[in-house]
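Next come two complexes, and both contain chain A; in the first it sits with chain B, in the second with chain C.
Let's look at the complex of A and B:
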């Protein structure tokens, strides 16, 4: 029992420690693919260090919501991170039905961020908040139709158990998992505001979704927002990679190796997608998200009716 | 294996319902032709015969090479604009497609309890028929109507493979010839329309008087 707790804590520390590295890796690969040298992979750590040292300034009109929002955001994302398995170790928090908690604790993070964005009283932040809320509305069914369909088929409701039940030995099941992972990839792109939905690099307010909400934050607040953004990206990466664990192998070393290789491949995929696509028009984003939902629905239908 | 290819077929249907370019339609037609020929060729892997291989090969040649190439040629020759000009929003269209697909899957599952049929290819084929009709209903361009008709035809084909495991080959070849001729005639018609009228909207045809 104690060993399991220790393993869970180590998993959490891995997520907290390596999430900026993952973001840095994506940026580096993206730079290489577009023919630039790019910032070093450690750049997110330097950014975080710089932000940590800076003074925090709040807008004069803002209320307590803006002050508590970064902390709540960080804590909720960190709690969500404790529910995910790394290697084959049991995560720190794992109980029946934690798939719902996982979805809605991330929902809470978003909710409080939207509140804080509107609290500042700038029209840009309000616009960003409206967009974030709209696209979150379309992104949530994707989560429930992908992970939910795996849960439905296995009859389990804890994230660890769901992933543990995946057996890659039946060809129709492999296709099912691959389609699930496509849909999860689209979800990750949306939730972490990556390229086809949102451009993480642009600083033109009219085109931003996520970045515009944190325009008026500085210092430690911005540090917490950025850090939770990195963790969130890593969380969705783990959700994606976990589909391809051979859980029957049961060796921690193999698990970690697959995890590292999987992260690298995923980073490469994200970087490639960001290189070859441009951002969608705002009005085309809902149909893109509905497309991902459609894949999830199709998946559920097909697996239900072939059994 | 047949199920897997049918799933890919369904995914191509989703793609076609959000694609807003004529080029996307042509690519999907090629992909569907390829999938169909692979689906037909699967039974012959175990039981090889020269006679049986004729249909998949013809299908491959006609659906993957001839028809798409011809459509591309028409697009280039007549200088058709690349956008498809839908009459309803793409989002609504996709929603409609999802709802119809769910209904079709549930209905085919109910049907499969009564009679012997392969649910996934059956439902995929059925959905392709319905979506083909939707494409013809909700798009303005004539060339997209041709693509919708071809998707409908692909659906009938898949439908056929699900209902009867062994198709009467002559009939299928006949249908294939029919389809090719239809597309060919449509090309000639488009040519004639373009020399008489400017543009290819079906709305323009409503104004014709004798």
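Let's look at the complex of A and C:
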């Protein structure tokens, strides 16, 4: 029992410690793919350090919501992180039904951030909040038609158990899992405000979705937002990579290797997608998200009928 | 129409401008505009005599510029606005009212050009507003999230759709027109170069042409060709920058960085000639400061050949990408009739199907002997503007390579005489963005007495407002970049 708790704590520390590195890796790969040298992979750590040292300034019109939002955001994302397995180590929080907790604790983070964005009354932030809320509405079903469908098939409802139950003995099941992972990738792109839904590098406040909501934050508040952003990206990366754990034949060591290699491949995929695609028109984003949901639904139906 | 007809860069005696009475002035100007002439200037003879107003109309078909003067009562500067009939005069009239205190009767929409508190007793200007439950107003700038020039934008939106965009500029006003009157000849060129940092060659070309015409200096053919080469290199470089910017705004980073890389090669070619990547210091009165030798010609040719091949591949990639086309097509459309009415110029006009290019319609310098082709697209959307720029890069590179291979011999600099007294000149140059007009008058002592600059941005900012109507607000940065207008050039 103690060893499991220890493993859970180590998993959490890995997520907290390496999430900025993952973001840095994507940026580095993106730079390399476009023929530039790019910032070092450690750049997100430098950024966080810089923000940590800076003074925090709040808008004079802001209420307590703006002050508590960064903390709640960070805590909720960190709690979500404790539910995810790294390799085949049991996560710190794992119980039947934690898949629902996972989905809605991230929802809570978004809810409080949207409130905080509207708190200041800036027209940009209101616009960003409206966009974030709209697209979240379309993104939510994707989660339940990917990980949720696996849960439905296996009859389990804990994230760890769901991933643990994935077996590779059946060809139609493999196809099912691979397609789930594609849907989950589209979800990760949306949730982490990456291209082609949102452009993390844009400086144009009118086109931003996620970034515009934190325009008025500074210092430690911005540090928490940025850090939770990195963690969230890593969380969705793990959700994606975990689909491929069965290939490790349930060995710890191979599981960890798959985790490392998987992270790298995912970073490369994200960087490639961001290099060769352009952003969608804002009004086309819901279609894109519905497309991912449709894949999930079809996948589930086809698997259920061909099983 | 009663007017003085001159050609581009042709100097004329100020006394031959016909100064008419108030009514005759109005009728004459209206007559000109009915014939399809376009206003390129509305300015008094000099700042001390605001009552002597001169309207400058350009006729592209006959390549003639028509000057008509009007004399007003010094204590009662007012006339009936032309803008209700010819919206293209709107902004010129606003500028006149702001700078010289003219009262414009029945003007449709008198708004500040460069000063925030102008008309009506120094009250702050009230922006146009739309009322309604679900209407919201978004104010952007003058301080932006990125490192760009300052400008204030007011959007009246319904959800994501923009119903009206008002653009308020003037934050970069440096008083260049006044500084040019006070400065000596070595300072003036530097000032002209810094009117708009991205149109160094365009503005210094117009300035030098104007001053050379006033002093009756003939410049050698070789110098003219070098000037045109520099101008076309600047055009190609800025179009590459603009396309890179457009690609960057849709997050297409592969294309954006490729254009960035190619632009470096192009501006480095300019640096080979004059030591500055933006062409500063190349122009002097009477010619150019630096000559081309064979070695330079070869390395520039070499550079441009690489650019030519690579640009083709990158263009092919950008304009065949479905994602990019979905963003470009039918975004920020300006209808042809509307563009003609509000008097758009340069690439914004050519992308709306208006045939307008000063290099062809008001030829000057080397373009008189080696013409360029007029490139014209009719869509009026972001795609047309981007595609037009891509096509103009090809044409510019063709021109530069042609000229470099057949460089005429001769001196690069001729002796520059003194500016003659009581003369005037209108110098039109097609900068990369569009038509640049420098209007210069001299006084009895042979000093400059009036200097009026019109950057293409002055005409085209309103085009951006029109492009945004019924367009999603998230497409604003893309539309803005596709017009690629200058704040400094407008603010002077």
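Definition applied: the second predicted complex is superposed on the first by the 305 of 307 C-alpha atoms of A that agree within 3 Å, B and C clash if a C-alpha of one lies under 4 Å from a C-alpha of the other, contacts with A are read in each partner's own complex, and residues count from 1 in each chain.
By our rule, a residue touches a chain if its C-beta (ideal position, glycine included) is under 8 Å from a C-beta of that chain, and two chains touch if they have at least 3 such contacts.
Fair warning: this is a prediction, and the values are worked out from it, not measured in the lab.
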| item | value |
| --- | --- |
| Touched partner set for A:278, first chain B, second chain C, both or neither | second |
| Which of chain B and chain C A:290 touches, first, second, both or neither | first |
| Which partner reaches more residues of chain A (counting touched residues only), chain B or chain C | C |
| Chain B versus chain C as contact partner of A:152, first or second or both or neither | neither |
| Chain B versus chain C as contact partner of A:34, first or second or both or neither | second |
| Partner chain(s) touched by A:179 [first = chain B, second = chain C, both, neither] | first |
| Overlap of the chain B and chain C footprints on chain A, listed as residue numbers | 284 |
| Chain A residues within the chain B interface of the complex | 171-172, 175, 179, 284, 286-288, 290-291, 293-295, 297-298, 301-302, 305-306 |
| Residues of chain B that touch chain A when the two form their complex | 1, 3-4, 7, 10-11, 14-15, 18, 90-91, 94-95, 97-98, 101-102, 105, 108-109, 112, 119-120, 123 |
| List of chain C residues in touch with chain A within their complex | 136-140, 144-146, 160, 247, 249-254, 256-258, 261, 321, 323-324, 326-327, 331, 472-477 |
| Contact footprint of chain C on chain A as seen in their complex | 30, 33-36, 123-124, 126-127, 195-196, 199, 201-207, 215, 274-284 |
